[in-house]
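Take a look at these structures.
Note that chain A is present in both complexes that follow, paired respectively with chain B and with chain C.
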Partner chain A sequence: MNLKRDLPTSTLSGFALSGLLILTLLNILLQNMPDNIQTAGNELLKLNANEGVANAVTTVVVYFRGFDTLGEIAVLFIASLGLGLMLHSNTRCDIKAESNFMLQTASKLLFPIILLFGIYVMIYGHLSPGGGFQGGVIIASGVLLLLISHKEFEVPHSVIVALETFAGVSYVLIGLIGLLVLDTFLGNFLPHDISQMGMLISGGIIPIIYIIVGIKVGSEMSMIVQNLIKRSDDV
Partner chain B sequence: MFEFLNQQEVIKTIVTIGSMVLFFVGLFGLLTRKHIIKIFISIAIMESSIFLLFIGLTFNTDFIAPILDNTHVNVSNMNDPVPHAMLLTAIVIGMAVLALGVSFAIEYFKLTGKTDINEMNEMKH
Partner chain C sequence: MIGFIILVTFIGIVIVAFSAIIQKRLSDSIILFMGVGLGSVVLFFIFKAPDVALTEAVIGAGISSLIFLMALKHLGESR
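On to the complex of A and B.
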């Protein structure tokens, strides 16, 4: 056995050298870092109070860069579309082993709770940590649990199509209404008083948009998971 | 005993060195593994090191989470919300890229039965 051939010594030494150089560079940057570098964040935090939303991260994601979030869910949609195109098959899930009785019963019990928790994270995204993306992924994890425990379970395709179409169209429509009313795409045209901050109904369009994002992310992630699990037998 | 860990310099040094180590673990896997799924997982490890670096460099133990309430509108002692929002985007994009890449790998394996990148030479001749 030739040890030199198995161990890529030149690659390893190149790694060590580049890692050392980058660490040195970062060390120099860290030592010269100014004390107060959070100016952009502080400006946004001051502006955040105008929108009446408690969670500043939600305001940044949905309001200050809401157009980017629209592009982001478009990217997620394109990934889901490509994955469905590549892995589409009409055969059912081909997990060989039948899951046992305990997993089947427990997943039936757990799925409504996971769904409820996902919807809670989605709806309270403007008050607490969480939001549409996180809630959508939680719902998709519940769907994954059902998919691996029940061989015959399948996400109904028409429901996914209806939910995704509703979410995408209403996101753009809310943006266009904001453009008509306030001359800004995704302008906050609903009442958003600062005295309502911390209540469930506050912040104007921001919680509505995050719920829409959650519906879209949840349905897309469920389709991605289902397409990855469902495979045809002709490998 | 561990109070010295709360100093900003110590936290930032630990986060920087740790995420760089994680980045190079991912880069090493990316360049030396031959299985295509392992290469995608290495890319995911590199991405997670970048997430850790961004969150860790803007994290301050003296500050609180950027969640306001109607009695507390003083924002001077809150953490920066911008890296969190940016990394939410980055995580979603990374997930999309990983899922699409894995689907390509699965379809390629179905068509040719190969997972080794050294044998993927259909376009060569």
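On to the complex of A and C.
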């Protein structure tokens, strides 16, 4: 293999330069490492008990870093919007061949189970692993199964618009109510008693926000998948 | 025993990832990429990160590979 021909000199020198920078940074970090770096998250984990949520990861994602989660679903919304703008057209013609009989029958059987599992992961996000993002994507993969197996199936656009608007508006509204009541954005204004930890209704606003995130992610991912599959050829 | 499982999974991930980049056909690479995601799910679960394992199983091994496959289908049509 001729290295000089396959990799241009600028690429190689770029690799070398970035490697050198990373080594320098690592050296500085290792020399000035604070002593308590292993216990950096313990303060937050102590605060976790105050919210009465069994899954500590959910408390971090939805409550301590709730504003970041709002930004993340905004990023997903922008991705869905860009894909819709690039691929959308009125003439829908894609899957020419009828899909397999087995796939058609099995998808009718499997779709309710996938939907149920997605909703379970969404609602139990504050008690067990999983949550809004995962549940939403599971629901979107169920929609993908239906889109592959049934030629004429299509998620109604008005339903997606209604769900996504509802989810986005209610996320911001809950955050603003927290700002009014407790002086912090996304403050936990509902009762969250520590004795209720592990119950389905516990943790105040945290399960509600995770369900909202699940609705938003599910509708956005379904729209992305549908735009990719039902794209017409002439775009 | 658990260390042996971790070692085997890790070596398997490296082998699958390397074979994914030397495939001639892109669709084979995407299927092997799903294998890399599957191995990482096992590793995440052993390292006591079930949240990350579920996310990786759903997003990394599941829907992103399917989106890659759909994009590849459209690329093949326009070529």
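Just so we're on the same page, the second predicted complex is superposed on the first by the 195 of 235 C-alpha atoms of A that agree within 3 Å, B and C clash if a C-alpha of one lies under 4 Å from a C-alpha of the other, contacts with A are read in each partner's own complex, and residues count from 1 in each chain.
Keep this in mind: a residue touches a chain if its C-beta (ideal position, glycine included) is under 8 Å from a C-beta of that chain, and two chains touch if they have at least 3 such contacts.
As the structure is a prediction and not an experimental result, all values here were calculated from the model.
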{"item": "First (chain B), second (chain C), both or neither touched by A:211", "value": "neither"}
{"item": "Partner chain(s) touched by A:186 [first = chain B, second = chain C, both, neither]", "value": "neither"}
{"item": "Touched partner set for A:174, first chain B, second chain C, both or neither", "value": "neither"}
{"item": "Per-residue touch tally on chain A - higher for chain B or for chain C", "value": "B"}
{"item": "Partner chain(s) touched by A:141 [first = chain B, second = chain C, both, neither]", "value": "second"}
{"item": "Contacts of A:229 with chain B and chain C, given as first, second, both or neither", "value": "second"}
{"item": "A:11 touches, of chain B and chain C: first, second, both or neither?", "value": "first"}
{"item": "Contacts of A:57 with chain B and chain C, given as first, second, both or neither", "value": "both"}
{"item": "Partner chain in contact with A:129 - chain B first, chain C second, else both or neither", "value": "both"}
{"item": "Contacts of A:121 with chain B and chain C, given as first, second, both or neither", "value": "second"}
{"item": "Shared chain A contacts, counted only where both chain B and chain C touch the same residue", "value": "55, 57, 129, 133, 224, 228, 231"}
{"item": "Parts of chain C lying in touch with chain A, wherever the complex brings them together", "value": "50-51, 53-55, 58-59, 62-63, 66-67, 70-71, 74, 77-78"}
{"item": "Contact footprint of chain B on chain A as seen in their complex", "value": "8, 11-12, 15, 19, 22-23, 26-27, 30, 33, 38, 40-42, 44-46, 48-49, 54-57, 59-61, 65, 68-69, 72, 75-76, 78-80, 82-83, 86-87, 127-129, 133, 194-198, 217, 224, 227-228, 231, 234-235"}
{"item": "For the chain A and chain C complex, residues of the former touching the latter", "value": "55, 57, 121, 129-131, 133-134, 137-138, 140-141, 144, 221, 224-225, 228-229, 231, 233"}
{"item": "Chain A partner contacts - residues on chain B that touch it in the complex", "value": "9, 12-13, 16-17, 20, 24, 27-28, 31-32, 58, 65-70, 73, 75-76, 78-82, 84-85, 88-89, 91-93, 95-97, 99-100, 102-104, 106-107, 109-110, 113"}
